[in-house]
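Chain IDs A, B, C and D follow the sequence of writing; residue 1 opens each chain.
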């Protein structure tokens, strides 16, 4: 027997929580071979590589970029490194899938968008949350006109893993995570989903951000993202914090829709609650990431509805986002399989999205869009007033 | 056998939906006799009176106010009549329980507060929603320090009964309902509850209001509140609308808490969803009026909690707000029994709340407080910016 | 003004938890006057009477039965007294509304059914739980064919107020409560609702009952139903218990439907969870008393549905069971208002249900039906096998 | 760099829905290489093999068994083939992971248990549902004594994918699926979980099974499991069905616990609802597979609890079953990763479970246990009475 389908050879940069998630998910996608791992932590990179028979391990990611057999790379490092690593990968001619945020400034985001276009490579920013089947169902219901005209968009993205003064992570430091934390980390997921699902764009906003803990106790040793909760007793260093714990935003969208959202990393009991509610002239939808397989649809003159994820109940265009039968839950890891499948599909098939077709996955322009909204939120918070949000530039 | 306990004789003004609710609830309270009904609709007043053996019926409420045997009155008429009827009742020396809003302007509210104080009568504004057992449980948990310092307060009050252009009610008309609709009718309930439960006060806010239907089709015949949904075919008149369908508000509270809320009467599928979420440094609580017997408490380092209403699980100070055993639901009507019981208790016992003691029910100053917040929201919407909210004046 | 509608004069026998519930609810019904209270606890009866201006109080209920001005009575005493008090009331020619169970044996139940028929009075057994608006919605959906043929009926009635060995109540004693406790007290509500909603009847069953606490610690002083949970420290007497804490039942219904149910008073965390699920060839419904205003409808080829109680969404025949607008919760107390309204309506209007029309409320034959089912369950438990359940006799 | 960790080489037999699920999950496990795929459908096997660079594809699984380089096999074929394929694999000296049921008779199950013991290979039956993090949390809470003594165990496993007469799948045919369908397919998952979580064993039971559709319309072309719902119009053959659509079971467990469960494939709106509720003398737990990341804990004298899956909140012994941070959902596919990780771990480390240690995953004796319970249920249904369930034989 002969294997006639050539696998795309890909590399993972970063060996933390997200690197592991990308590695596993990439191995679930057809015709993709994880051929290299880049990580400054040599032991972590070696362990991961050995476990999954990855032939190449490097502590300097540039070595991997120099390998012409590598087709694509995943950037899974801390935020502040995204720009330079992505730029290097683009210049090396690789297809790039970058974890969000694309960069930590609008200018850097614009540079990457332009460079990716010039290099004519596939580019993806990992707004994976779009890829829950029920999020796609909301989007497809809106496209089908089920919601009518959209009036109100509201919700929250709330977590509690940074509630205590003793909670620490590299994301707390502006140097590693960028000038915004809560709005950049999770607020950007919310706005990406809100614009993706509604098909509308935020035109103006008014934001109020707050750093409830102006100082935090930094542990003397490294802590993995989300791992703070199970720390034992530690020695801490009192450290000033200049990234926000919380943000609240009023906004307006094209088409007359109004909205409000909060983002919080200090909301006790909320582990990963991205709640998005959209109210239209015909009906409404509401979704909560903590129960991702459910979708609520609200009606004025009929009973409300609860969709339990079931391919047979999804809009045809949403069906391919669910791999499992009704009631067989698909979770966070499965969203990566879905986004990667589409990213690699577009590498394999040059015709996808080239002639004005809608992109099947979020691209660098979408990452830039979130930097633009975030920039407006920071400005609004500084000036304590409403700020217009520029429309996104032209896409290819 | 001899009845030694003299009943308080009370009157109900208004024979619509709220009048009926007040009548029924008053009959559930110990030692209260509904002795008179005042209503311009003579047939409705007579029917109600005969059904419940109410001896006096009048189409002119002033006749009832002239009766010295009447101790107290309930004002259940459309908003625009609250001020003058309450003023007349106060001047007649009656104890007054007024449906919210207390008036349609801050000035009128201040006048009523001052007059009630001069007349030395009991005064209550019917923010009955405070009286769900689980709302009191939230309040008592906060008082006990269970929440720690409050960081975030958020939620919504969403309904759908005015979603369609063909939905009509007297509340739509500024003339009958006052200059604000959605914020005044339901937003005020939300802010009253938020301040009551947190013990904090809104210090500044930024509001964005919207009238999605600038015109509505007014039916040629009268429609009862909430009854529009089951109307048959009708003839309508196209009518301009100047009250808002929706409001979104960012706000700050004393103590550094931040908040966001939306109020909407156009949110399909939400029938009467008042959702209030309070996040503190120790724990959180969340409540939804559509499931009033449940309370969610959120924790960072322990499982979250769901209280099913059960007197044995309530804080001692909240226990008297629940009449029924665990799992025996108490609903909207039961909140009126609770508020009336306390109002009449204070008439019977002159010592209650006279010497700086906390009031057991919302008084005219609380109604005035909501007019103040509403006024700030309207101003913020006009000026498109943040507005300071004056602190409440001194209470007796 | 003249009151032309003569009120029906009624009496309440029993001054405990249920007596108070009946009293309040009766006062909410049009044209009913609570004219007498009978209670062996003179102080309790007097207090209740004075509070609600009830003119007649008696410690011997027979005095009240001798008063020809009394039209109807409510029997709210412990189970073992139901038979004799109801019999006396019927013989006195009164209309009788008896709390469930109607009696503690099938024979007594049959005697009361026959006597009520001879006396030609209105008779009602208080299966009030039928009167939640959403229960009626289930029934009306079934009548309309929405469910198709019924395949499966399942659920539970679970409480936790008798979980501990130290929990005590008169219901624990066979002498006061009858030979069955859990099945009689709450299992009977479940079967009444299941037969009422499905329109089918249990034809055979297999039951397994269990007394987990063969002895309980009886407090030396009286304890009100449900009040045990908030007792302080007490002196107890070790007492043998011969009524069951738990029952599980398999059953078959006419039409080929199959079912299973559990009833429990020892299920920690379940306060009053009556869950009824009905699966048909077209669709399903599920309801839980702890969230009474919600109804789930299940579909194979469409999204499931959640009804939030809203009169405009109810089947027309269910609409009159809801007094409040959408999302304004109606609770346990409100079911009594609904059942009493119909009982008194049938006293006022002799034409109701006389010529083969369906009864609007559960009658003594329905109480007898539950005694029959209970009797079969007790027999099945003794014989450890399936037992046929006799069909109900003819109704008037 | 050199890969020092030798991967275990495994084969997947079966290329349907389950084969694909096993393939993906095996690729997520450390140091496992999927080296062969066996499937009678050559095209399906080839496609799967090419997509994932699997070097060996065979239409006769025996070819693969003859390859000494293959260490282990997964049996993912229809039920009736499990026995012979597993037997062949054991005789070839392979470690075997067999989809449930292990066989279609107790005798065959016993033969496989004995053979596996003689061959001294690792053996696993794929009761993957145990591996939801929240199921392990229930188990560990029980082990820690949080529940006290167990009183009541109840629940259901309900689906709707075989509701209609036109629904067809190989499982409907006794020849391919075995003599029992609903009880064997999903009832066995429920009983496995109930015994695993409680640590108790069913000692006697009484079952009532029902085939609501005695004939079904069989499509002329093959249909994948669960895929029937999205079929277009088809030609069907009327076919007699002798496997059950529904079963209800009363049961007793060691330690005095009582229980009831239903299993159904005809319950409209229930997609994959495995609900397990366990009530103990101290507290209760309830879990539903349709919301797998949530766990309800019930309390008599405290608020009930809702765990949102969060490693920091899990019992230490349950923590390793969750790979993702709080609120990041883990679904059906993730349970396979967890079970496979432990199966392959035991191949790699010969010391695991060899000296009386508890097995970390369900073994053939556990598969045999479910055949024993199923056999008792079938017998009880035939005899319409209670049947004792033999205790499991000794384990190694």
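The rule is simple: contacts are C-beta pairs under 8 Å (C-beta built on N, C-alpha and C of every residue); 3 or more make two chains touch, one makes a residue touch a chain.
All figures in this text were calculated on a predicted structure; none of them were measured in a lab.
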Q | Which of B-C and A-C has more C-beta contact pairs | A | B-C
(Q) Assuming a repeat means more than half of the contact pairs shared by residue number, which candidate in A-D, A-B or A-C repeats B-D? (A) A-C
Q) Between chain C and chain D, what is the separation of their C-alpha centroids in Å? A) 42
(Q) Rounded to a whole Å, what is the gap between the Cα centroids of chain A and chain C? (A) 54
Q: Let me have the rounded angstrom distance from the C-alpha centre of chain B over to the C-alpha centre of chain C, please.
A: 34
**Q.** Where chain A touches two or more other chains at once, by residue number
**A.** 160, 229, 269-270, 296-297, 301, 304, 308, 312
Q) Which residues of chain C touch chain B in their complex? A) 1, 3-5, 7, 17, 24, 27-28, 30-31, 33, 46, 49-53, 55-57, 159-161, 225-227, 229-230, 269-273, 289-294, 308-312, 319, 323-334
Q.
Please output the residues of chain A touching chain B within their complex, sorted ascending.
A. 151-152, 154, 156, 158, 160, 163-164, 206, 208, 210, 212, 229, 246, 248-250, 252, 256, 258-262, 264, 266-270, 279-284, 296-301, 304, 384-386
Q. Can you name the residues of chain A that touch chain C in the complex?
A. 295-297, 301-308, 312-313
